[in-house]
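Just so it is clear, A, B, C, D, E and F label the chains in written order, and each chain counts residues from 1 on its own.
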Amino acid sequence: MSFSNSIQETVAAALAEDLGPGDVTCEYFVVAEQSGHGRIVARQSGVAAGVEVAAEAFCQVDPALRVEVLLPSGSPVRAGDAVLTMTGRVRSILTAERVALNFLQRLSGVATLTRRFVEAAVGARILDTRKTTPGLRVLEKAAVRAGGGSNHRFGLFDMVLVKDNHLAATDDLGFLRAAIARLRAERPNVRVELEADTLEQVRGFLTLAGVDVILLDNMSPETMREAVALGAGRVRFEASGGVNLQTVGAIAATGVDFISVGALTHSAPALDFSLDLDRTAP
Amino acid sequence: MSFSNSIQETVAAALAEDLGPGDVTCEYFVVAEQSGHGRIVARQSGVAAGVEVAAEAFCQVDPALRVEVLLPSGSPVRAGDAVLTMTGRVRSILTAERVALNFLQRLSGVATLTRRFVEAAVGARILDTRKTTPGLRVLEKAAVRAGGGSNHRFGLFDMVLVKDNHLAATDDLGFLRAAIARLRAERPNVRVELEADTLEQVRGFLTLAGVDVILLDNMSPETMREAVALGAGRVRFEASGGVNLQTVGAIAATGVDFISVGALTHSAPALDFSLDLDRTAP
Amino acid sequence: MSFSNSIQETVAAALAEDLGPGDVTCEYFVVAEQSGHGRIVARQSGVAAGVEVAAEAFCQVDPALRVEVLLPSGSPVRAGDAVLTMTGRVRSILTAERVALNFLQRLSGVATLTRRFVEAAVGARILDTRKTTPGLRVLEKAAVRAGGGSNHRFGLFDMVLVKDNHLAATDDLGFLRAAIARLRAERPNVRVELEADTLEQVRGFLTLAGVDVILLDNMSPETMREAVALGAGRVRFEASGGVNLQTVGAIAATGVDFISVGALTHSAPALDFSLDLDRTAP
Amino acid sequence: MSFSNSIQETVAAALAEDLGPGDVTCEYFVVAEQSGHGRIVARQSGVAAGVEVAAEAFCQVDPALRVEVLLPSGSPVRAGDAVLTMTGRVRSILTAERVALNFLQRLSGVATLTRRFVEAAVGARILDTRKTTPGLRVLEKAAVRAGGGSNHRFGLFDMVLVKDNHLAATDDLGFLRAAIARLRAERPNVRVELEADTLEQVRGFLTLAGVDVILLDNMSPETMREAVALGAGRVRFEASGGVNLQTVGAIAATGVDFISVGALTHSAPALDFSLDLDRTAP
Amino acid sequence: MSFSNSIQETVAAALAEDLGPGDVTCEYFVVAEQSGHGRIVARQSGVAAGVEVAAEAFCQVDPALRVEVLLPSGSPVRAGDAVLTMTGRVRSILTAERVALNFLQRLSGVATLTRRFVEAAVGARILDTRKTTPGLRVLEKAAVRAGGGSNHRFGLFDMVLVKDNHLAATDDLGFLRAAIARLRAERPNVRVELEADTLEQVRGFLTLAGVDVILLDNMSPETMREAVALGAGRVRFEASGGVNLQTVGAIAATGVDFISVGALTHSAPALDFSLDLDRTAP
Amino acid sequence: MSFSNSIQETVAAALAEDLGPGDVTCEYFVVAEQSGHGRIVARQSGVAAGVEVAAEAFCQVDPALRVEVLLPSGSPVRAGDAVLTMTGRVRSILTAERVALNFLQRLSGVATLTRRFVEAAVGARILDTRKTTPGLRVLEKAAVRAGGGSNHRFGLFDMVLVKDNHLAATDDLGFLRAAIARLRAERPNVRVELEADTLEQVRGFLTLAGVDVILLDNMSPETMREAVALGAGRVRFEASGGVNLQTVGAIAATGVDFISVGALTHSAPALDFSLDLDRTAP
């Protein structure tokens, strides 16, 4: 499947980046025939994500490894929990270790931070953004879902989001009306979102047919509340700007449908995991 | 050049990920002929990195854009400083914006965090690790240098680092001696580093010929100091484990040569940048 | 831009397929220094599409060719009209000729057939399907727009379309309601379309929240008309099955919003074009 | 093998095009564990081709599917005949369905049209041309063979075909003689074909050594007959231009060896196939 | 053009192989702004080949270099002759140097050895084989032509060569006759060559229609002469096996049309070239 | 693993190069169901290398072949020794044959020549260079190790080697000292080698801290001996230039640590192997 294909190719590229012309440490310092059993263990509490990606790394390095996922992506983990085990050649386990952990720690970091926002934003959905790591967007958006969040558009291709920079004059409703009509004719299934910085703009956008969502950018909770009231259920509202774990609850209480948080993917600290390895008798 | 090739391919992949079958917002909501001038401006203080990568994103989307780097990677920036400007079709500027910012904010985050560690670790060099973002290692290691740090090995291929997991019995000096000798014969130019968890191990490793660096893992500053004294200048020492901005100064004071910090690349928060756009008269 | 990137890669692959280890005819039978001027001329009436793709083929074979688009994609053409001219080395023009024409004749065939359906379907929009040529979907969907048609989803990723094969029991409204709710939570911006084979199903689907479009598959015009009346403007309707140039007018008259036509891309005959070449004095 | 490798890569690209970041319908609307049995059934009579390619699509999406080819490429099919069956996860079957059908309907369309020309052209071989779908040439040429036709050259690299556009002056036999001699010396195993528009040209070409085939372009049957008589068995003749199912019989009767038909690959309508799916008890 | 495309990709891969994450010597030991002028000079006499490939390496590393070919492929060179010059950044020249020389020395080695065989084989053409360097076949076959030799088939796809291993029983003329007939019908433009180890086989093959060439494998010159006489001009003959610079003249004198020599590409010693570099005043 | 990944991709590219759109000889002249058993046999004495690469070629063409390595890379072979056997479809064995042999004959040639140099250079290690075949460097360096030699750097990225062309004035020790210091700070684990043409330079280089190896280029044995004495064990010495099987013993006797030999990879003649094939009863 394309989605798991994408995982396969992303993992293959990460392994090529790390191994280059070969793992010189394993070649000289690990006996070729030695077998063992490894466990990847969380060293912090959080939400696991990318477990299947980490498993793929071990499988690609050595298809003969037996790899078992104990806690699939989306599972809460506590320090000490094993999420993944593998059995087979020690060389293969050690060669894949770092790449597997690099995916796991980053994606679990994203899921863990998402979960914290979700818990703090009662009544509204937490959305990711396009502020993702280049090359890892599909994986990071899956990690956001693993953490209980929702996915905004996947790229520039699957939804319209008109920001102030897109419009020569942001109050030109005639231009917007014509552009939306043309879009509706040629791409009837693409949703349309418009960014508003003021209530004035919100009022204007509400006169347009074919708008699905209005983005309230950097507004105070009071202003957002007014905007939501103006909408009267005809469109959905997304809040962005100045969102953090302290403010997100108050923003959710304004009645917006969605709150988008760039930090989910651009500033989540890694969740710590490590590999425990036991050698089996030869 | 391969290095900039690598930039080119990484940027091309990031653009393909974001644009997919096309930027539907620009196609319908930005007039094709409109020209403008954009500036990428820092919104926080720190160290810029990835500026040339961001420039490449604009150039790939539209080779006709005039792109100018104002503050090259490695420059300190303050909130409000412009690092990059571009002039040309508004559509092209907006289509490339997010990918350019995604590289810039992440790599500048790495450089900024590195700079803070470097300033706190007087007398020792700050090293990165292999705990990098899959697919971005070369760029992240360049960002570490931009922040004043040093590069550890680039992958499993360009240096030996023997950790406890590599050895069936970590005190088997005979095995180590033989393996190092074989490596020295076949790969004479590859450096060798051994991980030690105890002073006992350090003493053993110091009896081996051909060891370049000993990694002191998770030792107290006192123990590190003793290890350094045992070494008596014959090998270099790297400290790792439990390193943060609070502890790094004391670790540096033990006399180790290097301190490696995984957080530089796995947990650096993004440095905030945004695009200011002015339209020129048609 | 990704869209034109995609053109570049598709054209490069087509050239590699045709040229393999080299154009042996030009190498031995065309004098290397000879220059000339070529015109690609329509030999049938229709709608041009893929003109820019054909231009790209000439540019890739020889960046020194001067290539000019006379009639951009979307233009009506009559037999004898030139759509594209190129000036430069005769060898380069002849080496690129066939690949350029292969794109042009196929995509113009799609646009031309689309235009005929659009003209016959007054009051409804003509949609394409996913029954496209493997590898050419983005180009064929652009050709559909060039012919005045509209684009349905680009793939399995950008819209939900639930067909009878997807559901264990097509009348299980409870399952559908739960699945749509889960989708709405995790992917709020993805549109949902359900396929109905009977009016009974249409009635059921109209009780579900979150349905954007109902697909009326293989229904008679009378049944479609009833379905549209049931909808009462709450959802949009798409007709499919048994659509041809004879029936499309009657289907449009039922009041459906969209009519999807697989033949636009899977069975459009090529529109004939050829290359006229004049050699310039040496 | 390269040929089936090529199939693998072409199928993988087609799946990536369709699935993008994932099949959102199956993810939310098909229960993950559900198994089933599918049959791809012809809905029109014709000649099957691309059956193995369709099978490959199912296998790539899910290697655990059991896929069986019932009627291999080249088999005549009637409406209702099953050509391919697959058993396993319903999600996998539905995700692969469209890509498999897209290959099958197009390639079977090519084989079916070829068969009709072959049956109408008694005494001459039907040849394909380079007017193929970009990216699918090897598959379409296999479909032509499946329909009983013959393959002309695969590209610009494996045979010389000199058309009027290649020659500055088409009656310059001295230039042709020298070029053929040079080709014969350097590439002795490459066949040479020359395009003739008049009997005058045919007479000239017959004076040249090293010509394997003469292409009679857009000649009347009477003129072709004269040309064949002039050849007296020393070269072979190919007819092209104005060939359709009405004219091909008369052209074959002129005694030409080959008749090339661009429509086989550029204008064959798709042959209709569909998927029947039965769910197995859980 | 595909041929030069192929050069571009082959050169790009070679540069990536050599540069990896970057040229660390130039980065630290060559001043960034320094300009210079380089000349690639032959240090042995022979025939130049791959000069344009070497030029491409310099251009890819730095499009701003001015690169000039002084002696194109096919030119005889003497020790001291410059074949290529380049002017621009010293860093770029030195980074590309080795890759450029690696192509040049190998391909010129092939051309030089070919020339020696050609000069020794009066009356017969020297052919290459498929015993080429993996990945470099198109370039090595061009080098053979540069040395005055002829190209045998480019791969398994563009000509039939039936060796003893292909046939269950090498004297089964009936099987061969049927197979050739089937091939002639489906692939009329593919040439057919049969390998013969004895005169008996030659006699049998001469009874078959549709054979273009007979390969005389490991026969004595006397036997070859007899075979050629048997052929009486109806087919062409190729000699292979036991061919070296001492024996090739006698083999040519037997009247065979072609002599194929694997050593041209599998055992040609490199022709020595080096780079002379002058720095320009800053 | 990346190393064997690299083998996989290199083999796949070589197969694609040879097979193109398919093996036409096997398709028409080998019965599809025929099975057989093949052995690859050395026809000359030497050292085997690339045996596993050859095995990979057979496996890629047909995963159903049973392939067994009898003599792994590094084994001495005598004429008549079988290194590899394969059992299965005859078509698959013959389609893979040439590509497998091309790798095997070239890499075994490298290993065999290396072995001869190693035996002649008592007391010094034989090093390879970067004068390798474009695209095959990792495989050729493995062949050098198989022959008993040592690997110099793998590319421009994993070690510094400063040659005369890198320095504006070769006697500028101040510049060198500063550059080495900067490198040591930023890339502490990269080794540094400097090329010396005179004893004067050697003396200067010995005053610099941080130099690992001095390359003695084109010096007489007497001069080398003096240089080694000057070094007094503080650095290692590599000899290059004018090294052949006649001179290498005397060079080794000077006390240098390493002798690098470009001819190992750029001029090793192929070691001859061939395939013996037995058909099994049907």
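FYI, contacts are C-beta pairs under 8 Å (C-beta built on N, C-alpha and C of every residue); 3 or more make two chains touch, one makes a residue touch a chain.
None of these values were measured; they are calculated from a predicted model.
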Interface residue overlap between copies chain D and chain E, same or different (over half shared): same
Identified repeat of the A-F interface (over half of residue pairs identical), from A-B, D-E or C-E: C-E
Distance between chain centroids, defined by C-alpha means - chain B, chain F (Å): 32
Chain A and chain E: spacing of chain centres that average the CA atoms, whole Å: 52
CA centroid of chain C to CA centroid of chain D, Å: 22
Chain D-chain F separation of Cα centroids, rounded to whole Å: 44
Numbers and ranges of chain C residues touching at least 2 other chains: 2, 18-23, 95, 137, 154, 156-159, 187
All touching chain pairs, where touch follows the definition stated at the start: A-B, A-C, A-D, A-F, B-C, B-E, B-F, C-D, C-E, D-E, D-F, E-F
Of chain A, residues touching chain C in the complex: 2, 125, 127, 145, 150-154, 156-159, 185-189, 191, 193, 212-213, 236, 257-258
Residues on chain F engaged by chain A in the complex (per definition of touch): 1-3, 5-6, 138, 141, 154
Chain D residues touching chain A - in the complex, by the definition given at the top: 12, 15-16, 18-23, 61-62, 92, 95
Chain D to chain C touching residues, read off their complex: 10-11, 13-14, 17-26, 28-31, 34, 94-95, 97-99, 101-103, 105-106, 109, 130-137, 154-162, 165-168, 176, 179-180, 182-183, 187, 190, 262-263, 266-267, 269-270, 275, 277, 279
